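Labels A, B, C and D are assigned to the chains in the order they are written; within every chain, residues are numbered from 1.
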Amino acid sequence: MQNIPPQVQALLGQLESYQQQLQLVIQQKQKVQVDLNDAKKALEEIEKVEENTPIYKTVGTLIVKISKDKAVEELKEKIETLEVRLNALNRQEQKLNEKIKELTQKIQSMLRPTAG
Amino acid sequence: MQNIPPQVQALLGQLESYQQQLQLVIQQKQKVQVDLNDAKKALEEIEKVEENTPIYKTVGTLIVKISKDKAVEELKEKIETLEVRLNALNRQEQKLNEKIKELTQKIQSMLRPTAG
Amino acid sequence: MQNIPPQVQALLGQLESYQQQLQLVIQQKQKVQVDLNDAKKALEEIEKVEENTPIYKTVGTLIVKISKDKAVEELKEKIETLEVRLNALNRQEQKLNEKIKELTQKIQSMLRPTAG
Amino acid sequence: MQNIPPQVQALLGQLESYQQQLQLVIQQKQKVQVDLNDAKKALEEIEKVEENTPIYKTVGTLIVKISKDKAVEELKEKIETLEVRLNALNRQEQKLNEKIKELTQKIQSMLRPTAG
């Protein structure tokens, strides 16, 4: 780092911070995506069961009887919430990728040997 | 570390130990906080179900029928226990923060160049 | 690495990549093996229960009543899927082991001092 | 390590290996101890429930009805198995501690400067 001007070092620090934020967003996206797939598969499976099939839901360490209609309704709400969250994370990812691209270009131009 | 007097080195070791203890307390607090929120959400949800809704509780890998009253009672006890534990951890955190602050000031004063 | 010819360095990089892939395959195999054993034990246990024993299955965070016949059928399908997956992973493991053996021999022959 | 005779280096390697084995045994003991406590607490709780309380057991991702008597019997068997395992791990731990003590003494005596 000795030969890198202080200005560029500051930008490199900022770049690293954006990359860490991006990693975090990507991890969160993966988790939401898994939860979303699980919820969609569960909905598909619940919708197929006969109308009077006993269904329970887990509430922490408790298990409580629930009607099929209520189970379907709650799953749909969960899916909607997860989709909203996934969209927000996608937007964050895109913005971070843009910032990283811009910053990388800026750093490269500052490190490029100038004519003269 | 070569230029740091042995006395200060000992205090730095102690400071590090306090900081590790603080990290542990903060981790435990986060876990208790999560468990507490889960228990509160579960209580809220159980209190809403109709009186004769079948409810079960998990006991290790077993699942046992329980009355709504008993479920509510057990959740309230759990919440109380977790709140007592959270308060104890908050007190530990505060004490450790105070010790760290005092020790940091002591170390700084010992490292400050004395007049003359 | 200074005295290692660039060609050999490239092969060492490839070797490391194969070894990482092998580690991943071994980890996946262990997971599938555990899931397979669990499914086989569950099947054995379910087949033993009396015909009219109430059985439920977990669907995400929901729990849904299922007949013994359906439970047995689903477990058998799961076991079959896991066995297919395990066989595919075994083939991948074998191929990677062969590639690693070949590459190791190639690298050794390139590093061997030649006569003359 | 430059000034340490090869014989002692070999023993240090063996010592490290025993210490790693000990760490593993201690980790396994902790897991078994947790499982044992969980099983004992579950037994205590199941024994208290009224005779005709519906009880289920988890079998992989399935949940199957079980009588109180069978649940108690299975828990007792599980506790016995875990206690046998815990005793075996305790014996392993003791033997490793003895080996480590002996080896440490041997290494110390070999590193002690001899008269003359």
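Everything below uses one rule, namely that contacts are C-beta pairs under 8 Å (C-beta built on N, C-alpha and C of every residue); 3 or more make two chains touch, one makes a residue touch a chain.
Predicted, not measured: the structure shown is a model, and the values here were computed from it.
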Across the interface between the identical copies chain A and chain B, with over half of residue numbers shared counting as same and under half as different, the residues used are different
Maximum distance between Cα centroids and chain B occurs for chain C
Cα rotation angle, chain A onto chain C, in degrees to the nearest 5, is 90
Averaging C-alpha coordinates per chain, one finds the centres of chain B and chain D separated by a number of Å equal to 28
The positions of chain A in contact with two or more other chains are 56, 63
Among line, ring, star, complete and other, the chain touch graph is ring
So the touching chain pairs work out to A-B, A-C, B-D, C-D
The chain B residues in contact with chain D across the complex are 56, 59-65
In the complex, chain A touches chain C at residues 38-39, 41-42, 45-46, 49, 53-58, 63, 66, 71, 75
